[in-house]
Amino acid sequence: MTGDRPPRWGLWGESDERGALNLVTPERVLTALALVTEGRILSLSQPIGPAESTAPHRPNTARFMMRDAGDYAAGARSPDGFRFAEDIVQLSTHNGTHVDALSHAWCGDELYNGHPARIVRSTTGAARLGAEKLLPVLTRGVLLDLVGLYGQPLAPRTSVEPADLQRAYERAGLAPEAGDAVLIRTGWWESASPHDYFDNEPGVSGPAAAWLADQEVSLVGADNYAVEVQPSVEGQTFPGHLALIHAAGVPMLENLALAELAAAGATAFLFVFAPIPLQGSTGSPIQPLAVL
Amino acid sequence: MTGDRPPRWGLWGESDERGALNLVTPERVLTALALVTEGRILSLSQPIGPAESTAPHRPNTARFMMRDAGDYAAGARSPDGFRFAEDIVQLSTHNGTHVDALSHAWCGDELYNGHPARIVRSTTGAARLGAEKLLPVLTRGVLLDLVGLYGQPLAPRTSVEPADLQRAYERAGLAPEAGDAVLIRTGWWESASPHDYFDNEPGVSGPAAAWLADQEVSLVGADNYAVEVQPSVEGQTFPGHLALIHAAGVPMLENLALAELAAAGATAFLFVFAPIPLQGSTGSPIQPLAVL
Amino acid sequence: MTGDRPPRWGLWGESDERGALNLVTPERVLTALALVTEGRILSLSQPIGPAESTAPHRPNTARFMMRDAGDYAAGARSPDGFRFAEDIVQLSTHNGTHVDALSHAWCGDELYNGHPARIVRSTTGAARLGAEKLLPVLTRGVLLDLVGLYGQPLAPRTSVEPADLQRAYERAGLAPEAGDAVLIRTGWWESASPHDYFDNEPGVSGPAAAWLADQEVSLVGADNYAVEVQPSVEGQTFPGHLALIHAAGVPMLENLALAELAAAGATAFLFVFAPIPLQGSTGSPIQPLAVL
Amino acid sequence: MTGDRPPRWGLWGESDERGALNLVTPERVLTALALVTEGRILSLSQPIGPAESTAPHRPNTARFMMRDAGDYAAGARSPDGFRFAEDIVQLSTHNGTHVDALSHAWCGDELYNGHPARIVRSTTGAARLGAEKLLPVLTRGVLLDLVGLYGQPLAPRTSVEPADLQRAYERAGLAPEAGDAVLIRTGWWESASPHDYFDNEPGVSGPAAAWLADQEVSLVGADNYAVEVQPSVEGQTFPGHLALIHAAGVPMLENLALAELAAAGATAFLFVFAPIPLQGSTGSPIQPLAVL
């Protein structure tokens, strides 16, 4: 931010750490619940585990078995016959299907809402705006299915503009509502090879991200690894993250799986967001749900 | 298991890996949604992070910052002004608020439903019944508030019996229904010191666990670290885990925070269960929700 | 092992966990020290860190900064001006320059010297023959420089036979002595691309490994990732590991850097082996030294 | 550093990253080798593994088995009968017996020799003065046995002063020589309980550390966790680290085991220092050796 303070900062108080999740009022929860007709629950998660590929600068997810059936086969004691297995998981909070906490991205010396960036340190993690501050919500989910709109997965590097999003809303027969969790289907997860997935993705432009924030969305997600188009437009770096997370306090959901939701013909539905409240983390793995 | 195959095995097919979560039918989802009147969302998570204590045989949760604001303060490049922070989290899938997957506990050579135990190995993790097989559900949650019933937190080592659970149901004005997520409040989380928390907890007895399974619950949770009373009755080791996970395919939710839910006067409510689908893990961190 | 117990087992007692390192007697230490004329110390380590490539089935080395200068730049307190940085390292004990402990490889149900394999478990690590049992030694090092002998790096998949080793000894003007640490230079580390390094390496055959054991060596190392030729001869898998580690109790040193040693014209020299005594590990990182 | 640049900075060039290890010339290596009479090798390592206690702000060492004998007992494939076990080790580079690299401690904005502190970051580790820059050395080791001198282990919080060190040199019949690795036995490792070990240790004072640096030592080690007395004198924090590492470029060896060396009656001996060249780390585990 060179100069102007984003208009949303301070809207929910100077100490607010919840951002756009504040938009999910009890009324909107009730409205969202009323959308359910079938009682059918869909997971929007991509697989998460050691076998999944990750962005090159992040280590793979690792799972370490601390006790397993092999130990008993090799003679470990099982008191009264009881046996158990347990493991440790090590994962980047930005691998797999996850939410970016509001401490994840910024410019200048301030995070969202003017919180000083310097509180994000090796020793403390994100002392403010960590993943544990993300409010879990049930709200209206809206699928903006660009694959359906354009008849095919978006090509690499395709920039999704405000007009594309508006057209997708119209095709769904919906208008934006405050508190919406907007899920954008680019088709990237299904169409890119694991090797290409972390480069040149289609996604929202900076203006499209800003447009979404203006619609008062609570969450924005997509079926790619950064929601926004890569590479960014010349002279900007991750403008979508700055427009959503930094200026507007909107957490971003990355690496969603949206094909099944699209196949179900879903447009508006109950969306469930229950991240792990990891203290001081800059993100959290999630299993987002759509309930039809 | 001394001989007999548990009657529930095979009920949902020989290859079933979902267990009692199968009981949450679309009808039950709809019924549970209808319980919501206020649109108020309560998290049932205890804090999770490096500062929290853990059982002695499990390492503490760790958070490693891979990039943070300090790096920029020390001169790291921020292209076009963009900055970000990210971290890696390492946690036992049985620390903090979590769900035990159906591969977590067994006796003999078979896991729940007769899956061979030998598929749980260092190299593969739980090749069946891993956390990624847990069905996310929205279902009716029932709070069995033993603190309210007895006027104080249960004393260390208190064994909760079927009659206690029945009394708590009655006090709540409810009868068990198939698919219920049953949450048992012992008061242990609020009353035990962090140092004492992992020993001598009050909790359900083996018979009480079996009684819950007989009520066709989908999930059983408690505000202690193992749901069941510790130490176990002489001659048995973790009989509650065997009755629920192994015999009946009921995932267990441990280290819940239930005081706020009790204070809200909740008895039956919409319960949200959205674990992280960690491939091959024996459990998953969760943020369970109650919606009033 | 199909049947016969290897002749060396029991040689140093039924409970021996030191294997061929027993061959380094005080006399041999003194003899080796007497080889030094210049007081020049050469490291035989390849670089070890997050930037180095690893075999595909092993995760990369990771370094996590727990406190660094950035934290102070971002405002961390420095009492009386004191500042410090610290990190955590996570590494496969078989990545980078390392020694294979005697618990690393076996066939059948017994490790070296008849120790039961079942003591190597998830819960305990290698309860016997772990890295902490490796005796640190100073002994005579011998460089068998096959690159010098054949005028170029060995081609991929080249099998080094006993006759090659004998020729290299002769070229060096040396005869094998009990307790030697034998270092075999194939040229693989210098000639293979990082991408190819973990496949098709030239190295010793099973018979060459057995020949080395018969010379009563204390250690065998090479400038490749497995000492022995890859792939193994049809019908055998890692016969060199079985001949050295399992049958003869000879620890193996992998991923050495030997070019500088060869350039120095070294043939026999003081060799320093000081592994980290990691309790229960199957190997250890090392910085082996040659002193000329 | 408030003002004056330490006199040693620049002594070995402005870009020097080796510090006092430069003092170990080939001549001194030869002199040290000549001290050996028996060919007897003593390890000076305390045990290192998951069972060992650590300072409260550092996580315990962890060992994760990636493959073990249990996996084979549970049915894992062993091609041609070959079996292997491997593990991953995760450790603080300042737990257990280790060396502090010259990037570990400083004051102001400069590390040893004026290297800018800002190169020690989360993203890069210690881009200069990392553990991989530590020169492995063989040099004269000197045991300053304060337990022998005073007839018992030093009491908690005992400050070891220059006069104590001089007296110990005299008792050993030795005078300081440039390049010495000085090992100070306080008796703390043998006398403190694991619980007390990380508090109130006896050790060198700031002036004693400075006196050692003035003797042109190459390394200073002790049988406690920080070499210097804890707590530090009022108004200073870790003055010994600043005098040795920051001002004089002397790496410090912590958590040594010196009882066996003292029992052997050793005073001057060949000392072997072969740290793991961990790129960008602030320290390294080691197995230091004394050769008598």
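To keep things simple, chains are lettered A, B, C and D as they appear, and every chain counts its residues starting from 1.
The criterion applied here is as follows: a contact is a pair of C-beta atoms (placed from the backbone, for glycine too) under 8 Å apart; a residue touches a chain by one contact, two chains touch by 3 or more.
Since the structure is predicted, the reported quantities are computational estimates derived from the model, not experimental observations.
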Sorted by label, the chains bordering both chain C and chain D are A, B
Pair joined by more contacting C-beta pairs (A-B or A-D): A-B
Equivalent interface positions on chain B and chain C, same or different at half: same
Comparing contact pairs by residue number, the option in A-C, B-D or A-B matching C-D for over half of them is A-B
Centroid distance [mean C-alpha coordinates] between chain D and chain A, Å: 46
Between chain A and chain B, what is the separation of their C-alpha centroids in Å? 24
Counting only residues that touch at least two other chains, what does the list for chain A look like? 59, 65-66, 68-76, 88, 117-118, 120-122
Contacting residues of chain D [partner chain A, same complex]: 64-66, 68-76, 88, 122
How about chain C: which of its residues touch chain A in the complex? 59-60, 62, 65-68, 70-71, 74-76, 117-123
Residue ranges of chain C in contact with chain D within the complex: 25-30, 33, 36, 38-41, 43, 45, 47-52, 58-59, 63, 65-66, 68-70, 72-73, 78-94, 103-108, 117-122, 125-126, 132, 135-138, 232, 235-238, 241-242, 270, 272, 274-283, 285-289, 291
